[in-house]
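Should a chain be cited, it is by its letter among A, B, C and D, assigned in written order, with residues numbered from 1 in that chain.
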Amino acid sequence: QDVNLMDGVEPRPEGNSIVEAGAFQTEAPWTIAMSHFGVNANTWTVQTAHEAKGIADGDARIENFIMLDANFDQAKQVADIEDLIAQDPDVLIVMPVTPTSADAGIQMAIDAGIPVVVHTGRTENQNFTVDIQGGAENFGRVMGDFLVEQLGGEGKIWVLRGLPSHPEDINRYNGLMQALEGTNIDITQEDYGNWVYDLGKSLCETFYLNDPQVDAIWSSGADMTRACVDVLTEFGADIPPITGEGNNGFFGQWLELGYPSIVAEYSPSQAAAGVRAAVALLEGEALHKHYIYEPEGWNAEKAAEYYRDDLSANVWWPTELPEETLQELYGN
Amino acid sequence: MASFLKSASRIPPAYFVFAALLATLWLTKPQLMNLNVMGIFIRQVAPLGILVLGQMLVMRVRSIDLSGAGVLLLINYLIASGLLGDMPLTLIIILSLAIGCAVGLFNGYLVAMRRVSAVIATLAVTVIITGFVQFLASGKPPGNMPELMNDIYKMKLGPIPLPVIVWTVLTMTMAVFLSRFVYGRFVMAVGENPTASHFSGVPVERTVLVAHVLAGFFAGVAAIVQSASVAVGSLRLGLEMPIDAVAATILGGVVFGRGDGGVWGPFFGVMCFALLFVVMTSFGVPEPGKQIARGLIILLAAVFYGLNTRKS
Amino acid sequence: MLPAVSMKGVTKAFGSTLAVDDVSFEISPGRVHALMGENGAGKSTLMKMLAGVHRPDSGEIRIAGQVVTFADPRQALAAGISTVFQELSLLPNLTIAENMFLGKEIVGQFGIPVRAAMTARTSDALAELGMTIDPNTLVSELSIAERQFVEIAHGIKADAQVFILDEPTAALNAADVEVLNAQIRKLKAAGKAIIYISHRMDEIFAMCDDVTVMKDGRHVSTQPLNTLTPDALIALMVGRDLEDLFPCRATNLGHVVLSCRDLVLPAGTEPLSFDLHAGEILGIAGLEGQGQSEIVRSFIGQVPGTHGALSVNNTPVKLPLARQVGVRSMQRQRVGFVPEDRKEEGLLLGAPISENIGISLQSARPGFKPLIRLRETVIRIMKEMRVKAESPNMPVGALSGGNQQKVLLGRYLASDMDILIIEEPTRGVDIGAKAEIYRLLRDLAEQGKAIIVLSRETVELIGLCDNILVVHDRKIVAKMLGCEATEHAILNAALKT
Amino acid sequence: MSTSKTHNLPGTKPNRWLGKNSRQGNWWAALLLIVTTVLILLATTDDFATPQNANNLLAQAMPLIIVAIGQMIVIVLAGMDLSVGSVMSLTTAILALDGSPLVLIPLVFLAAVLIGIVNGVAIVRLNVHPIIATLSMQFIVLGIAQILRPVAGGSVPDLVVSLVTGSVFGVPAPVFWAIFVVALGWKILHGSRFGLYLFAIGGGVASGQDDTAHNFGLKDGRSIIIAYVFSALFAALAGTFIAGRIASGDPGVGSQFALDSITAVAIGGTQLSGGVGGLHGSILGAVLMALLANGMNLAGLSAFLQGAIKGVILLLVVAMQSRKKMGL
């Protein structure tokens, strides 16, 4: 009877509570407001915006879907949420920039009687109505476990991290640490590649030239993975086990070259799930307060099922975008 | 001897930092000290280096160009989004350079003819282009770069990667152009005193305009090299690149309206940025330490230079 | 009586240039002491040490018997030394009043400057110098002569015992000089010591009590002025007798090379016309601000809103020219314009002498052409102009004021123009060099070139020019032959009495 | 020979407020755009003219106004401070440390004074270009902020939070902040000898007469150092305001502010070459930028379009700002 927000999203088993049915039931038409942490950081963030908008546009009861882009600026997110509340929405969806950038806004909305859905990023203020959290530790651990298994618990690895000071990066890294605990795996080189291709590439070049000895590579995101594989290919080196994410370009490379890898799932459809949770609240359905999203890793077979060579490198899997939209946005 | 010492003291800070970083690597990571390895490291900063050629030029005529970020992003997006269809590479390159020049012309018109603040004008251009690209990207996110570009990027002449050669050749061309051609004197004169230049018959407005067009051109070249180095298009390049370009230029001894460092000062300014990255990464300096070390190194070099060139 | 200032064995070198070499100098209260010498003799440098701008390498300075060392001009000011520097040094973005009170503002409650009081007192100070200008005008809006006056007002209104005036009259005409003279007499009567530097002989003899002559950084002689004749003084300075200051005039003029027809200036009413012939030196005289430089500047597009027709070597030029291209298009017609404000409009101070001389020749070519070799030209010009400098690579900013002027003129000499328009050809130039410049201009005219000269020194116009136009209120009110003109006649015409 | 002559300039009656030559710069372009934007918003949206939104707008504009005032103090003397953003970040990081606000707040301002002095001394005594000095400092201070607080979080003392979000007699706290910083800015820039010296020093640099102010007997070096201290102090003030608003420490919070504050100052008509500008211009510039963000949010403009529109408006201001001098 539970509302299905998205495949792989489940109520948190412990420390959870229930949002009473009907607590926020509202007559349509609705105004749904959303503060996005940054639409234009990379193609993954763009896709989240499309996923959210896709669901909202497909629901005739949502008259007004206002999405603001904080552009990774904490101060702007504070302002954005104020401006959203000023427009008196029926529900507020927040993708926080940092653990604290949305706290005051959440409180302000709750005080004004507006329910708040938080996803894709944690907040310190726990007074929101519902949250959906991708398990960053899980993400990092899925990757870490794979490497531990591949190496038989011993060896040298490189670590390509995301954005410095970014909570997602720190939590994924913590997941890796949990996986490495008790093994004899050494991190020989580690640095931040900001989850983007070009920095990831410079980093791998520097790592390789410094010390080409490496048994496996933990990469915190797919664009960096592809960059690193490109570097190793250019140097003519063997590709050791390396971790990746659900990106179409990376799938293509992986399936072609066939190196050992695993995909940690982190779907942009979490943004769709956020809208779904908002709609459920307005419909008056009962929800849990906390949802988690901790899927298992993907192997090459599963990647092959998803891979589409007729779409560009920048589709992120899994997605809920309809075929039509996929073709329009990513058709080659 | 005295004059030798005096001219030695005017060596731009970039050379000191470069020497110090090189020595550090030599002592601690001798395995990195070969042409093949260094070539790769230097290749990483080739786009910045090419951008600096333009930045240095506009700074010499007392202007500044922050629009490089926009040009890079736009060209990178156009190539990767497939909006250009199956255009041949030469056409893509010509189009990119044309875009760079057009943006430069627009900047130059605003700065030289309309006399608006160069910082604001070029910043606004970047903001507009970035917004425009992001708008386009909402309908058509960028995809793959043509593989041919990637292959060209990886080419080498002997141990030296092609982008490094392009950068060096452009730098040499600029060095000759500025020191042996009339336009170079115009640049010097305008930087020294625009009013007096005007009365001396220097076409001040045109000089500044051309400087901006050239800066746009170099941004176009930088954009091509930068695009060739990646496999996917980007949506966000940020203003770090133009700001780094300003910093490298000043580190190279060129400041607004004055240029002790010639063309090679800023060249080595960029090399410093390359080595700084290598040194930090190979020592595994943690992020805060990296920031602090980067700041301290630049500051100390500038202080050393500043003390030497201080008026008596 | 204790001297107000005494400098003993003072030496100052810039690199390998010994600017001041073991000079001793003394001045008593209530005296006006002239400091004379050729360009680059070290006068300004000596005074800058007294004013706290430079610190001497050796030697000592005493003020009222006390040995002093100044770390900066502030301390010199506090010790009672007020200076009017040779190179204009007002801040263009401040108003006259703000410049006047800079560093010693009148502040009221909470430290807020009291604008009204400063405005009023500035107004008074300016009025004493015969100026009725609004003290809240930004200095950037002033003409060069007005700036000079503000600077003088700033210097002489200071609460000081010693006043240094380093070529205060270089940008002033005779009437203005008289105003200054009255002020100096007042200071003298109040028992102040005044050091006066000028290259104009008549001023020296009219105002000063004593004279010290310097040459090549060294002290030559100090004596009361009444023991000297002008010729004797010149001989001391130059080290030789100067024959005629002015060369002979032209015997016959050629065809018309430049004709100005029906020129109407923005604020003018009547159109004005005149012709310039090959071989002619034409002077334009008039009181301050009557439109002399507006007339010539309209030829190079610097005065928007003018109308009229110009014909240069029979090529018609329609006025107004666009500001951005005026200078260049006239240079293409072989007309050179030498601006008066050499620091702002003339020289590239940080650039070497060679570049400053060569820039016009280079800029006559398109930017994408290679540079032409100018080494020989530069060396020839420096020799012809007798520029006192270590090498052509020296930055012009390090030259003495008069030598800077020579470099500026040299630029136009190098580019071999047919017509030269010169605002103030000898501003700040020593008497010897003046004679050289006059001869040079005359030589050019003999070669068939034509020259228009603007000058505040009426004597200069009379001695140098073949014809003189007198301007009043943007109209030509008189035209006279140089050989017939007198100071009196010109002044009468200029005043339109 | 006594002649009476007058030096009255025909048609150049000084105008210190308007015009290409005024020392205030072209501040009216920003004003014009503010008025236009407000009129458009009044006509097209319902939510703009509410007291709630006025509060929001003030609070949103405040940090930028504060930093811009500090930034302007150094820009007037032909300098620039790229380290203000990092100082803001550091401020929030310090305020989110464990400790009494009575220790933390003075610590914040002590740090700012120190940073300002280092900037100033590097520029004045060690002859380092302002962009390089403050850019280096930006990295160094950011590094320190990251050490103190690697990830956003922690909690800021309640005192600071209520100083920003509270109200007195129904008047929200940001109003008092506004009055305070504007008064302080006015006093420093336009109501003191120090302020005039800033303009004098900057005007000297802009006209290539670097020594002129010094020759007037001004303590130019000391004034410049103090100016950088002020700039850092204003940044700390802005950081405190933001810390109160997000109630936590965050090493990334200031990253946009260096460029944004320079933009605001320049939009306000201040010339980056020094010597020309007015406090009101910088405030108008900062308000315009905040108003644009707020207005575009309320007008429901697509997140995908906001960037381009902001740029176009920037360019509009710029097009209206043609000046006498070319350059920065």
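The rule we apply is simple: a contact is a pair of C-beta atoms (placed from the backbone, for glycine too) under 8 Å apart; a residue touches a chain by one contact, two chains touch by 3 or more.
Keep in mind it's a predicted model, so treat the numbers as computed, not measured.
Student: Check every other chain and keep only those touching both chain A and chain B; list them.
Tutor: D
Student: Per the definition at the top, count C-beta pairs in contact and tell me whether B-D or A-D has more.
Tutor: B-D
Student: Averaging only over C-alpha atoms, locate the centres of chain B and chain D and give their separation in whole Å.
Tutor: Roughly 28 Å, centre to centre.
Student: I'd like the Å distance between the centres of chain A and chain C, where a centre is the mean of that chain's Cα atoms.
Tutor: The answer is 73 Å.
Student: Please work out the Cα centroid separation of chain A and chain D, and write it as a whole number of Å.
Tutor: Each chain's C-alpha centroid was found; their separation is 36 Å.
Student: Approximately how many whole Å separate the CA-defined centres of chain C and chain D?
Tutor: 42
Student: Give me the residue numbers in chain A that touch at least two other chains, ranges are fine.
Tutor: 39-40, 49, 164-165
Student: Can you tell me which residues of chain C touch two or more of the remaining chains?
Tutor: 344, 349, in rising order.
Student: Do you know which chain B residues sit against two or more other chains?
Tutor: 134, 137-138, 193, 204-205, 287
Student: Looking at the whole structure, which two-chain pairs count as touching?
Tutor: Those chain pairs satisfying the definition are A-B, A-D, B-C, B-D, C-D.
Student: Which residues of chain C touch chain B once you look at their complex with the stated criterion?
Tutor: Chain C reaches chain B through residues 15-16, 324-325, 327-328, 331, 337, 339, 344-351, 355, 358-360, 362-371, 411.
Student: How about chain B: which of its residues touch chain A in the complex?
Tutor: For chain B paired with chain A, touching residues are 29, 31-32, 37, 40-41, 44, 82, 134, 137-144, 154, 226, 229-236, 277-278, 281-282, 284, 287.
Student: Sort out for me which residues of chain A touch chain D in the complex.
Tutor: 36, 39-40, 49, 66-69, 73-76, 78-80, 82-84, 86-88, 98-101, 103-104, 124, 164-167, 170
Student: For the complex, which residues does chain D have touching chain C?
Tutor: So the residues of chain D touching chain C come out as 1-14, 16, 21, 23, 187, 191-193, 196-197, 199-200, 202-204, 206-209, 211-219, 275-276.
Student: Please give the residue numbers of chain B that touch chain C in the complex, ascending.
Tutor: Per the touch definition, chain B meets chain C at residues 2, 180-186, 188-189, 192-193, 195-207, 210, 258.
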